[in-house]
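Chains: A, B, C and D, in written order; residue numbering restarts at 1 for each.
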Amino acid sequence: MRALSAAQSQAEELGTEVCVVVVDAGGNLKALIRMDGALFLTFQLAQRKARTAAGLGVVTQDFAAAVSGSQALLAGLSAQPDIALLPGGMPIADDGAIIGGIGVAGGQRGEDHPIAQAALAALSR
Amino acid sequence: MRALSAAQSQAEELGTEVCVVVVDAGGNLKALIRMDGALFLTFQLAQRKARTAAGLGVVTQDFAAAVSGSQALLAGLSAQPDIALLPGGMPIADDGAIIGGIGVAGGQRGEDHPIAQAALAALSR
Amino acid sequence: MRALSAAQSQAEELGTEVCVVVVDAGGNLKALIRMDGALFLTFQLAQRKARTAAGLGVVTQDFAAAVSGSQALLAGLSAQPDIALLPGGMPIADDGAIIGGIGVAGGQRGEDHPIAQAALAALSR
Amino acid sequence: MRALSAAQSQAEELGTEVCVVVVDAGGNLKALIRMDGALFLTFQLAQRKARTAAGLGVVTQDFAAAVSGSQALLAGLSAQPDIALLPGGMPIADDGAIIGGIGVAGGQRGEDHPIAQAALAALSR
């Protein structure tokens, strides 16, 4: 709930509407909010970002940037059906272990990532 | 029905055969016509274009052009199984809110987009 | 049967083992042979090539070459789950109408296409 | 079992945690271990690498490098839902015939391939 609220506040500040998804270490849904005005595909995208963050232990924005140097690696990874190489996914760590992930979708370019960061920050408070 | 008729007229004028799909705000089918001569894969393509338009609120041709500047973003988005980054999808808006989408597939390169535009124009008449 | 035999002969001449799939105008299986030594993924690939050829009315090798000029189009089309932008798919036409497709997979690079051509040629004899 | 043990030893030597999958000639699971600390998506990736190796008879790292010279081929192959064009898959051959595949996922870049090699080497001992 803290993560959802923080993400929603950040989205409202940016003037956008998003879907926020939290998954556990197994990639299963723990919490979800799709703000009024966030369109239906934002759920699938947010879920896949959260699963990618939790399932690979990566910040999706950084991971996409890291692999995009190799065209073969970018093609091979982005094509995997369970992976979303898109900004807006953050792994949730506790004492060095990945315990879940956050995914945000629906913002304009560059907005999903800071909203996911705000959600993550709220969890460590 | 107005959208389907307008699309069909436009396709006949261009001398091509297409599948036209209209979906609601949730991405579910509202109307569909596959013209005689339009092959079977045109349905899946048109449906996915309509869902992309309604689910992300974008003109698919413009969206594909916008993201193709970044190779990582193009790879990440085009690989999402529910997204078709192809010309021929138009969102249907009413008073600023997205209420559905139109998808057209089956034309030669450059034909799907104007046919979808014709369908959309018929709805606002 | 004529198509399968011709493809098999051509594959044997090239010293390779392939899977050959024939689909009808609706993309459904009409005939299939997986030669001894052709590995299991050759079926999925051959089937998807045949469906692409029948469903879009294209020679898959030519189609892949045609769209590869535009990075956005290549990414958008190749990512569609029902499309295989790979050499080895030929549409079957009768009197100008597409009535099916042939797909071949399993050969080394450059081998699938001529095997599919041999299969198609056998049908028009 | 020999393959799993060898892979695990190699992973421990590299200080990483991976999932190792062995499939038979039909692509079906024969053995699997997901080490403590290997996140959940490593299973899907390792399985798909093993299936690609067994189903196409290729070392996935070499295959990805070989096709990445052609942008159309890279896009067409990597987008196939059953193929993982990623390092870490090795075919298992016996007397020239492919009898299965090994897939490894979870290591840092460059680690999956040598772990899969170690697993394969253990089988021929």
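As a convention for this text, a contact is a pair of C-beta atoms (placed from the backbone, for glycine too) under 8 Å apart; a residue touches a chain by one contact, two chains touch by 3 or more.
It should be emphasised that the depicted structure is a prediction, and the values quoted were computed from it without experimental measurement.
Two copies of one sequence, subunit A and subunit D, touch each other mainly through non-matching residues, since under half of the numbers at the interface are common to both.
The geometric centre of subunit C is 27 Å away from that of subunit D, both derived from CA atoms. Inter-chain spacing, taken between the CA centroids of subunit A and subunit C, is 39 Å. Residue positions 71, 75, 79-81 of subunit C are each in touch with at least two other chains. Contacts between chains close into a ring here, every chain touching precisely two others. Note for the complex: subunit B touches subunit C at residues 37, 39-42, 44-45, 48, 64-65, 67-68, 71, 74-75, 78-81, 84-86, 109.
Residues 25-27, 51-52, 54-57, 71-73, 75-77, 79-83, 97-98 of subunit A touch subunit D in their complex.
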